[in-house]
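Right after this note come the structures.
Shared between the two complexes below is chain A, which pairs with chain B and chain C, respectively.
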Partner chain A sequence: MHPIDDNRGMPGPLAEHLRAPATKAAMLVQQEALQAARDFLRGRDFTELLPPLIGPVTDPGGRGAKALDVDYYGNPYKLMTSAILYKQASLRGFEKLFYIAPNVRVEPVETASTGRHLVEFHQIDVEIAGATRDDAMEVAAGMLMFVVERVWQNVPDVLRGLGRDPIVFHELLQGGFEQVTHADAVERLLGQGHPQSPDAEIDWIGEELLSHKADRPFFITDYPKGSRGFYDREDPDRPGLLRNFDLIAHGGYGELVSGSERESNYATIVTRMRESGENPAKYSWYLDMAREGIPASAGFGMGVQRLVRFLTGLDALWQVSAYPKLPGMVAP
Partner chain B sequence: MTSLTAHGFPEQHVRARARNGTSEVFPPAGSYGAQLFGATIDELDEARLVPPVFMPQRLEKLIELGREPMHDDVDLTTGIGGFRAALPVYLSAFGSTRAGSGDLSVAASRQAARLGIPMVIGENMVPVHGYRRNGAGSAILARIREYMDACDDATGGVVVQQSTEDADCEVWHLIYTDPTVQPLLESGRLAFELKIGQGAKPGLGGMTVVGAQEAQRLAGRFAVREVLGEGGWLRCASPGTFTEEIVRQQLRFMRNNFPKARVWVKFHPGRDIAWAAATAWRAGADAVTVDGAEGGTGWAPRVFLDQVGLPLHECLRRIGRPEGCLLVSGRMWEGARAVRSLALGATAVGLGRAALLAVDEDPDEGLIRLVDCLALEARLLVSALGKYSVAALGPDDVWLPQSTQERLAEPVRIGAPA
Partner chain C sequence: MHPIDDNRGMPGPLAEHLRAPATKAAMLVQQEALQAARDFLRGRDFTELLPPLIGPVTDPGGRGAKALDVDYYGNPYKLMTSAILYKQASLRGFEKLFYIAPNVRVEPVETASTGRHLVEFHQIDVEIAGATRDDAMEVAAGMLMFVVERVWQNVPDVLRGLGRDPIVFHELLQGGFEQVTHADAVERLLGQGHPQSPDAEIDWIGEELLSHKADRPFFITDYPKGSRGFYDREDPDRPGLLRNFDLIAHGGYGELVSGSERESNYATIVTRMRESGENPAKYSWYLDMAREGIPASAGFGMGVQRLVRFLTGLDALWQVSAYPKLPGMVAP
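What follows is the complex of A and B.
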């Protein structure tokens, strides 16, 4: 059986799930991980803001995930799929900022069995004014290493109780995460007989295949335009490629982080919106701000539940959420 | 008014404009929803199908069958934009227009499904009519359900357009994640069509006539303008801005976001149609639809109906040999125009106004009978050409009047102007 062909079980009734020892262990790991992430970022002069929950627009995202609609005094508002637009806007007052942000994405039903998708999830959402992609990648890698080390220091018994062995993280803690371009990743997958499209996101199976081959996390960079949102900056020297990255965990756990340098030029943002099928008129507050000037930046989001699943080694993302909502399943 | 006259000058039209103002830019508002608009005859109709005397492909068929082939040996099954269709025919988009979104369109959906031909659902259905799951008022779901109830499990498919205003409502997301639509998705019979242009009004967006109350309701999503006098309000959708790169990237985005759906693109008959179509195919479009400037179910300013856009025949000439699946619509209703289009490069033809008229004539069987006629004519014509499949047709099967032949000698340019 292919690793993601099974359903990795499904959550039982909520009361049962909340009582489960694995849920309790996951929450202990989660709180350590969040505390460590905060300590790491605060130690580097980041300011924590609390993100907005609704707005006239949200991150249009990709991969077929939909935003939920909210009626806001008669105006059609969206629940945040990510607060990326607000992160960029906030750079005007805060040069280095982060959120622990709740997000809601109505993912396609077929993602219910990947073990890596929840409708409600959280991100450690980081943005740095004036930063390059390399700067953002360095922060993401540093934060991951810091969190892993701290969690093993503080709750080793919990991790061992879940069957986790520190040896799994040995290479990670040495750092030196490899960087592969999207084009090389596609090449590798095609070489393994996996039919990966060269101008799309690495698909779930492909990502998992690459993840299984690695002994520590690694970056995939230079995704093609058309696979990501309009805010990921296009490489001026290599049109068609984005100055972005994903950080992929080893061991089959897949993507932990997605980040990029951002577009900050008004005309480029409008054009990129059209290229991704968006109606610029919807984004008026953001575009007005972009016209006045948004600082150049780079940043990323690290999925909290994906991080905790990676730390705990649990099979599916729903096991590390107290209140899991799987795509396509109606749950409290 | 004095006795001033101007012989040889369109005096009456000038006087009507002077009297009635901007409502004269359009057909009478009272005819909206009850009248379909478009041209009467074009060069494609003037071309003739020309059977040869010697028919090597008939000999091949004779050998295959072991008997003389007849017209019913013609195989009309066709791959249309990633779907398998019983005929080289699809049901064209009619969207939020009054003629296109009522009971007639539901009847057309059912009959298209029974025929095993794909159905395109037009733009602006959701921003105008909403999308309520399990709700009786959802025009788009009513059509999809009707189609799904009546189709078999292998042929046909449903194609959903999205315009700029539809994108605000995330129509494709709604459809893609709707559990009731999953059977279509799972059987590979759902496609999304990027709506880039209007056949009847190239360069503009969709237009309909609405009452004052509805105009108020729609004002947040569309431009509504009081230019029709007492006849109603004009509701305008934006045409959307496209460049080569925008088209290429939007198609990639569609393939990335909706990996299980087929990707179609619809263009207006623009003068750069060959370049546009090639761009779309190279970006992975499963089908390119070209709607000739031949009219439609919606509403168009009079000057657009007969003075703007390339005729379908000229579009086919400019595209030449298509790089991918090419779908054409505009004044299709019988076999000969369809077969001429197929011979000149189209993979299939779309029925728009003809389908609405047919279901208006008989909501249960009208479209089926109309398509039966078209299919019989197509079989007769294709077999007369000594061929037994649609794919075997070619430009040699069509004779063009001298004036058209002269233009055919001109080179076709694909790509950016130098």
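What follows is the complex of A and C.
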């Protein structure tokens, strides 16, 4: 399958990893993919900003990942697990914006061998003032198609050298990505004998099962409220369901994108924080801003390493990171 | 001078800063400058990598700035103050590489009002296997000229709106940047009555004095050994002097670039670490790699916010950062 993939289960010493032909190939694909994403977004009048690394609060996240703490001139700060709060803050100055954002999430040690978790990773982080969920989904799908087309145009030999065949992306390039609600996805999984909870994120195995059945990427929408952050907007017509989405790759590669319409009403944000066990006092700068008014918006983050893994067909996320950090393992 | 620059001495609340016309203008210039730098480097066969954020050690740095500490699964890690060690590590796989690298340096509180210090900032970080100092200087100068030309081509109205006149860059675009040794720069400054130490970095005031006298950027070379990190190569023919350089902007904007030939000999690296008070045991992964052999190289870092300040003519670095963090001040 992967002629130049040495199939090591874990990365060796950094210098060795950096010399591996698979690493080199992945970096050439990453470089093309990021340039394509930039060209796509700038062609649609998005402005690229450089995101912050640390701050008084960050995305509370989910799935058991934690933020790293730092002592910032005597104040407790955190490394960004995602820059979502800053994207919303920036909408008044920049109606369509994006980052290539580095994030750090201290994942549970037991996720080291999943092939899907890195402590340090990057997102193409997009936010659009006044947009609906449909708008954000259209941008995410369009960007993915544009990136796939461009990397096959610019570095076909690199992709073929990794054992990738353009036929894998044929349906993707036709577009028309299916939309499945979370409830329907749960039903499909239960029908396949997979015990998926209706109140939680689709779990990794579930995502992989659905991903293997598909011939092109597809959306899952309307996740239940408890499964996501306070900033995903609750559907006013269907309490308990969020106006959000994931974009799942076909072929077993799983989630590429998470996005949503955002909550922008101050009182609702505070209520949602309380419901999810967050202390609103920690979010003072964000709530001060929300009280003055932040624009309605929708946006998403596309995982850079997940995208490159999907493009290259490599087995594990650490193979597509130049400086991989696996949960719980000491590495440069 | 700056029609849309409100000349606030310090940034206000983040939402207000992000709405300021000067911030918007600076971000449009930054976006063009970074794209130009990428196009220049990729046109010369450099590969762009995404740098690490944290690691067991980082650049020991200078001028009193410190790294932030994190607890990484029970191990003491640091946020990168610069990714220099990783650039060297990557040369075996990538002979010409660059990052747009975020760095965090906890600067002394008294630097908050200099207009030249931000805790979070970015560098265009370039490294070239087998290159000499002259090669690196040629790339730095060529990149600066290319960026200036491109931003004036693509966003002239934004620059003019900030009060910038293309005449300021006329000599720069002719090239032929002067090279002054550190010793000569010290002599010039002493001649102007400025008490510059011959054994240290050119201080801020000295850099500004020299910068105001010039009509285009210029290089300072051959800094004394004590003034820079262990990775700057000592001149074998002139012990005590380093094969390094800074590129200083004209017009009072000061240092844009720091670079050097790198030390790649294992024993010499260990000696240089000891001489500068560093404990080699802390650098185990780097020294293990150096023992196996790292390529000779030269490279540099160009400060993104310093570059944008120079391009826009804005007074302070915080005005050209979307999310400015001034030393000692609590900010999102």
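Going forward, the second predicted complex is superposed on the first by the 324 of 332 C-alpha atoms of A that agree within 3 Å, B and C clash if a C-alpha of one lies under 4 Å from a C-alpha of the other, contacts with A are read in each partner's own complex, and residues count from 1 in each chain.
One rule holds for everything that comes next: a contact is a pair of C-beta atoms (placed from the backbone, for glycine too) under 8 Å apart; a residue touches a chain by one contact, two chains touch by 3 or more.
Bear in mind that the values here come from a model prediction, so they are computed numbers and not experimental data.
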item	value
Overlay on chain A: chain C relative to chain B, clash or fit	fit
Which superposed partner A:200 touches (first chain B, second chain C, both, neither)	first
Touched partner set for A:94, first chain B, second chain C, both or neither	second
Which superposed partner A:304 touches (first chain B, second chain C, both, neither)	second
Most chain A residues touched (candidates chain B, chain C)	C
Following superposition on chain A: angle at chain A, chain B versus chain C, Cα, nearest 10°	110
First, second, both or neither for A:285, with chain B first and chain C second	second
Which superposed partner A:70 touches (first chain B, second chain C, both, neither)	second
Touching partner for A:328 - first (chain B), second (chain C), both, neither	both
First, second, both or neither for A:35, with chain B first and chain C second	second
Partner chain in contact with A:106 - chain B first, chain C second, else both or neither	both
Nearest-approach distance, in Å, of chain C Cα atoms to those of chain B in the combined model	6
Footprint overlap on chain A, where chain B in one structure and chain C in the other make contact	106, 109, 328
Footprint of chain B on chain A - complex, ascending	62-67, 106, 108-110, 197, 199-201, 203, 224-227, 271, 274-279, 282, 328
Of chain B, residues touching chain A in the complex	162, 164-165, 167-168, 170, 173-174, 176-177, 179, 182, 194, 238, 240-243, 245-246, 248-260, 284
Touch list for chain C against partner chain A, complex	13-15, 18-20, 23-24, 27-28, 30-31, 34-35, 38, 42, 47-56, 68-73, 75, 79, 85-86, 89-90, 92-94, 100, 102, 104, 106, 109, 119-120, 122, 285-286, 288-289, 292, 294, 304, 321-323, 325, 327-330, 332
